[in-house]
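Read from first to last, the chains carry the letters A, B, C and D; within each, the first residue is number 1.
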Amino acid sequence: MPTFTVTRRVAFSDTDMAGIVHFANFYRYLEEAEHAFFRQLGMRIIETQPDGRVIGWPRVRCSCSFTSPAYYEDLLDIHLSLTRIGVRSLTYGIRFQRGDTLIAQGDLKTVCCLCRPNHLESMDIPPEYLAKLEPWAADDA
Amino acid sequence: MPTFTVTRRVAFSDTDMAGIVHFANFYRYLEEAEHAFFRQLGMRIIETQPDGRVIGWPRVRCSCSFTSPAYYEDLLDIHLSLTRIGVRSLTYGIRFQRGDTLIAQGDLKTVCCLCRPNHLESMDIPPEYLAKLEPWAADDA
Amino acid sequence: MPTFTVTRRVAFSDTDMAGIVHFANFYRYLEEAEHAFFRQLGMRIIETQPDGRVIGWPRVRCSCSFTSPAYYEDLLDIHLSLTRIGVRSLTYGIRFQRGDTLIAQGDLKTVCCLCRPNHLESMDIPPEYLAKLEPWAADDA
Amino acid sequence: MPTFTVTRRVAFSDTDMAGIVHFANFYRYLEEAEHAFFRQLGMRIIETQPDGRVIGWPRVRCSCSFTSPAYYEDLLDIHLSLTRIGVRSLTYGIRFQRGDTLIAQGDLKTVCCLCRPNHLESMDIPPEYLAKLEPWAADDA
């Protein structure tokens, strides 16, 4: 399965009084990997179309399992794979490692939406997005 | 099932450029509910024992599903229930509502740990903790 | 000088590996006090006018001095006073205390702005805002 | 004056509903620059000494002026200079730019401290730290 990887250094402000990365930060980290993935495809996670419509990708579901703590200044590799392309949604598998040590893993489901002020409305993923995403899909996605 | 509820006002800094609460903040919110639950039981999420040992509750797994967006200044009710008491772990069900509107729901599994510098080691939940937690357990927990 | 006070409990996620509240969180805390101040005046920090214009209050300058650390579960009193009302700006003095202990103090200058997508433009504070703010101004403001 | 520069991409989670980087994040950004500066000197912002003592650098004062908003995906250059080396303190000047556009600038004063559980005690900056810092000091520092 094709995998997209970013590396992230743990900031001091990401730690808590237990001396480890506070778990809520992993959700920010995995989103940064998702957005870097979009960026290298020439896409943006929130994008104004030529016709003025704004397309975004709100989160539908996100889960993480935490195996080993991460510490200040750790370099974390965040591996992202596109496990499913739905008609209106994308599902990613995400794996955090420090070298060979598994830190955490999870999955994220997002849905393609038309974003209006105070209103989100799901829509089919546009064909020009699909064309960019499909080479990254798992064989069985 | 006994439910513990806290109410939380959405801060401006919790929103993102899509105009809604950024999803990573829900993990901070649910943790605040968990910690308030401990506090009203006379417990602390990280506690130095008389013998100097430090007992903490690192997260093992956390997932959330997002149903409806939350906005700046919303008052969110965060309902927490203790769905399972294991030998070394606690599992919570969490539900975010704004009035009758379901915003998000999820679950959180934590494990009782001896916290040493750079090392976490799981341990059985001490009996004095169990005595406080059990009245809050689901019937089938 | 009239003072507006909110009380804030320190969250676990606001601490860092030094065991104290990470300093960047004080800027979120003081903003929460500012926004609560607006709310009790029947104002909003970002407000769509009947004519569709959006008025907001971006930060121009903010400074803090840190005197004593704050810890997990501390109850902090955040005292806010309106030290100056300018034609287009507001300046606040802010003081964080835990009981009688001074934790930090600072000041915040904000400017009244017309908010357009990708553009902020300063404007005179509207009279209906001034009417609500003036009773809170320092005598020499 | 010698200047140390890091580049930082604005994360989506750093924006707020006004569509710009929330100001509290600039304090995290400038701290990341400070810590990268320490790291390239072979130092750590929190460091356990061979004798078990922990030396850290809590913030004494930090201020920022905000000139121009920053947006999602902006690449910000954060320029840090060591404007003063005191007996127990360091003062930095910090400047955020996007290309030639000034975004924000500020200063940060930190104090060298012995960190004990629930207690911080200022101390003279150790000579081995000074030896690394002095080549970066402003001529008149």
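Note that a contact is a pair of C-beta atoms (placed from the backbone, for glycine too) under 8 Å apart; a residue touches a chain by one contact, two chains touch by 3 or more.
Predicted model, so just to flag it, every value in this text is computed and none were measured.
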Interface copy of A-B among A-C, C-D or B-C, judged by whether over half of the contact pairs recur: C-D
Interface with more contacting C-beta pairs, comparing B-D to C-D: C-D
Centre distance in Å when subunit B and subunit D are each reduced to the mean of their C-alpha atoms: 33
Rounded Å distance between subunit A and subunit D, as computed from the means of their C-alpha atoms: 29
Chain centre separation in whole Å, for subunit D relative to subunit C (CA means): 24
Multi-partner residues of subunit D (at least 2 other chains): 12-13, 17, 19-20, 24, 28, 31, 46, 72
Touching residues on subunit B, where the partner in the complex is subunit C: 11-13, 28, 31-32, 35, 39, 44-46, 72-73
Subunit A - residues contacting subunit C, complex: 12-13, 15-17, 19-20, 22, 24, 72
For the subunit D and subunit C complex, residues of the former touching the latter: 17-20, 23-25, 27-28, 31, 46, 56, 58-66, 69, 71, 115, 117-118, 120
